[in-house]
Amino acid sequence: MTLPTERAIEARGAARGSFLRRTLAVGGYPAFFLGPAVVVVLLLFLVPAVLTVVISLTNLSVATGLHKYRYIGIGNYAQITHSPWLVLVLKNTMIYMLSTLSLFNVGLALMLALLTAHLSGQAPGVFRVLWMLPRITPSVIYALMWRWFAAQPPYGTLSQILGWAGVPGANWMNVHPWAFIVALNGFVGASFGMIIFSSAIAAIPHDQYLAADVDGASPWQQVWRITLPRLRWPILFVTAYQTLSLLTSFEYILLTTNGGPGFYTTEVWSLYAFHLALSNYFGNTQFGLGAALAAVLVVLGLAASAIYLRLFRFGELVAAPKIEVN
Amino acid sequence: MQVALEHLSKRFGAVTAVDDVSLTVGEGEFLALLGPSGCGKTTTLFLVAGLYRPSSGRILFGDRVVNDEHPQERGIGLVFQSYALYPHLTVFENIAFPLRVKRIRAGEVARRVCEVAEMVGITECLPRRPGQLSGGQQQRVALCRALVKAPAVLLLDEPLSNLDARLREVTRAEIKRLQKDLGITTVLVSHDQAEALGIADRVGVMQSGRLVALMTPRDLYERPPSRFVADFIGTPPINFLPVTVADGCLAIGDGVPRPLPRPLRAGRYDLGVRPEHLTVAADGDLVGEVILLESLGRETLIHVKFAKTRLRVLAGPDAPVTLGQPIRLRLAWEHILLFEAESGQAALP
Amino acid sequence: MLSLVVLSAPIILMYSWLLVASFSVRITGLVPHGFTLENWRFLGRALPNEASIWTTTLNSLLFAFAVGILEVLIGSMAAYALSRLNFAGRGVVLSSTMVLHSFPSVTLLIAIFLVLRFLGLYDRLAGVILVKLALDLPLGIWIMKGFFDNVPWDIEMAALIDGCSRLRIWWRVMVPLVKPGLLAFGIFAFLSGWNEFLLPYVLLPSQNSQTLSVLMASLASEERFADYGLVTAVSVFYILPAVLVFALTQKYLLNIFSGGVKG
């Protein structure tokens, strides 16, 4: 018993399909698959990145226009270091990053993950949806909600609640801007950590907790000795990732306090760059200076990502493919 | 289609996985590549398939050098150890897949899929998905997929290792029957010597990337070219005894020297004797003590402590032997194997 | 459980407030005064000084869909290449993907603005779409590469032996197998496009090409601040699709972290 070999049909089919295949196979497959992504990213990410550094070396601004600008070398950078606002902006950036990171992005996220891990039924799902709401809410609306929440009486909800406890009302965002900035950014940030930590906790074999019960460990001890050690890498990852996100995020601050109240009270580095370059804070938008500020952040970002690449053993993720031909 | 490997080598960085392997598989022949894990047999198979490119050497299908041909162009079928079925397609579509790629008409596709499915015996599985099948059924589907395009060469990567013992034997016989009926040149890779010996026309033994033996199963069993091969082939494993040769005579320990059938260089050797070539006899040369008895139904395996080693002896089911008793064994001298102690090369036969 | 409720209190309060306010004539704190549908009048009549809500919604929808579909298409192709193809410079592309993701992307707005003007794509929807793609693709490719990595190599090898070209393998074998992950990623990308504010704000200044997010920002400017009713109603209108999409697909979406592979 033999299977018929159908040379003729095969040959015809092969001839049709192989022209495209042969053209692509001559080293063309990687180019075809990567092409669109590479073009888009190169054009609108890489080129602007280089351009930012170049612009930072000029005094390009609305005043000079696109024809009368000059190269001023490190003039912008010198201006930054001599700026009276430098220390304040740096301090603000530090406060912003450290508080949000520790209290909310990691701290609150951990608590949420731990608390929801011990619930059963529909409850964990409900809370997860609830906590994802800030993240999927358009930033403009989210900012608005917080502003109204903190508004002065008779409109602000917070004032109303505090009023029932006898506390006089105020525009709370003006009174404690940092508390609100950290809180509202944190509520969004917490969801990221919450998901990552929840998955990590779910991966811990249940048996370990049973064994701990038999050994007489209290719930707190179990968390301390079983759960938390397993979360070391996720915590590290979330910290690393969110540090970079916080360093460069300013959208919510822009939409709530816009760096105020008053003069640069909550102005962080990235917002400062944005203001100088793209919004009419003082009239003359200075692209060059803004670009210099942005370039500093770029350098920081590069340094940080180099560290993370090393830290997360990037080499392991880049294993060679098992098929050698394309 | 004849398959020839000429001085084939494959290096991955500093590691040489396949080292100067040359062999020819005749038209319609069934060759097994046998060896321990990591010996390079699967790498060799993937080189023939075209998934790896050789570092040096040539691969020929017939008289065509295929080194630069892509796997799609070589006209081979490959059955993976893990079966590698497409989880999102039905069994029918899995088998039809290579035909659809060739743009064969739907009617023709259906005909060929059903024909192959019936030949291999999985017609009732056709509408199901791989996830719903047992291991044995999945393996047959993988076989169908490889056979449906009437390949010139069939390659099998440890096809039986994921099956349970009973199924393994049944499937082994079926694969052999299929291959004989279809007459396709086949290469099978395995680490199980019983499987390789039972199924193939010739067996190539590999060790650390090199081909150390290429013979029929019977020759491999009776005339292994090296100690390694002798040790690897045969269940229960062969017994080894250190012996000395001097003046054309062989002596086990302080025993009486025996003349050899042909002269050999003086020195130390390892004598190999298979368990079935040792018999319990009152006048035996070897004196030892029974330390373990395994009752295997058809026969009994007796473990005997002799000098500083342990000998395994196969005896009938009613062997009058008890644990701990002293025992005398007779050697079947016409069946012994001799290997040079340092090199491991066969000296006798 | 109680502690969770307490922690979640601000969220619960704020969102319920939003909903109630949109239907109230006036609201002080949490207490509504008077039910009305007047706030929702923007559905029928255009607002003064603004384009009709429906044009704006259409812009947002177009943007979100384009972003969702293109990110998945372009990203999955690149992710496949990085996961499965063998080519020189693979390591470089992989590490630059990682590095780019760590970039402070919005600080490039200044330069992006200039590049778009140069390309003639400033104030055009296509331009903003491309920018959003460029900024989101690095991380997206990284995530999708993870999905492709989870498919066993054997299947790819089997498909090659079965005669498929790499393109066919991608389309007929790999993509179907990672579909759950790709779909989840696409939904996230859609939501991200729907909610995007900064890019349209800076790069789409004219009224007709405005997206809902920019419209919201202008409504929220100081003069309109007092008209809570209108602003909350528009907010609910804007938020609703995102919340609905998310609520309906959430179990599915959170799958994205468990590898995204079927079978």
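Order of writing sets the labels: A, B and C. Residues in every chain begin at 1.
Keep this in mind: a contact is a pair of C-beta atoms (placed from the backbone, for glycine too) under 8 Å apart; a residue touches a chain by one contact, two chains touch by 3 or more.
Just so we're clear, the structure is a prediction, and the values are computed from it rather than from any experiment.
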- Note on the structure: Greatest contact count: chains A-C
- Message: If you average the CA coordinates per chain, which chain's centre is most distant from that of subunit A?
- Response: B
- Item | subunit A and subunit C: spacing of chain centres that average the CA atoms, whole Å | 14
- Query: Once you find the CA centre of subunit A and the CA centre of subunit B, what distance in Å lies between them?
  - Reply: 56
- Identify all positions of subunit A at which a residue touches two or more other chains, and write them in rising order. 17, 21, 25, 322-325
- Which positions in subunit B touch two or more other chains at once? 50-51, 70-72, 101-102
- Indicate the residues of subunit C shared as contacts by at least two other chains. 157, 160, 165
- subunit C contact footprint on subunit A (complex, rising order): 17, 20-21, 24-25, 27, 29-30, 32-34, 36-38, 40-41, 43-49, 51-52, 55, 108, 111-112, 115-116, 119, 123, 125, 127-134, 136-141, 143-146, 148-149, 153-157, 159-161, 163, 183, 187, 195-196, 199, 244, 247-251, 255, 270, 273-274, 277-278, 287, 290-291, 293-294, 297-298, 300-302, 304-306, 308-309, 314, 317-318, 320-326
- Message: List the residues on subunit B that touch subunit A in their complex, please.
- Response: 50-53, 70-72, 101-104, 108, 112, 115-116, 119, 147-148, 150, 181-183
- subunit B partner contacts - residues on subunit C that touch it in the complex: 152, 154-155, 157-165, 168, 173, 176-177, 262-263
- Query: Contact residues on subunit A for subunit B in the complex?
  - Reply: 1-6, 9-10, 13-14, 16-17, 21, 25, 322-325
- Note on the structure: subunit A partner, complex, touching residues on subunit C are 1, 3-4, 7-8, 10-15, 17-18, 27-31, 74-75, 77-78, 80-87, 90-91, 93-95, 98-115, 130-131, 133-135, 137-138, 141, 153, 156-157, 160, 165-167, 170, 191, 194-195, 197-198, 202, 212-213, 216-217, 220, 228, 231, 235, 238-239, 242-243, 246-247, 250-251, 254, 257-258
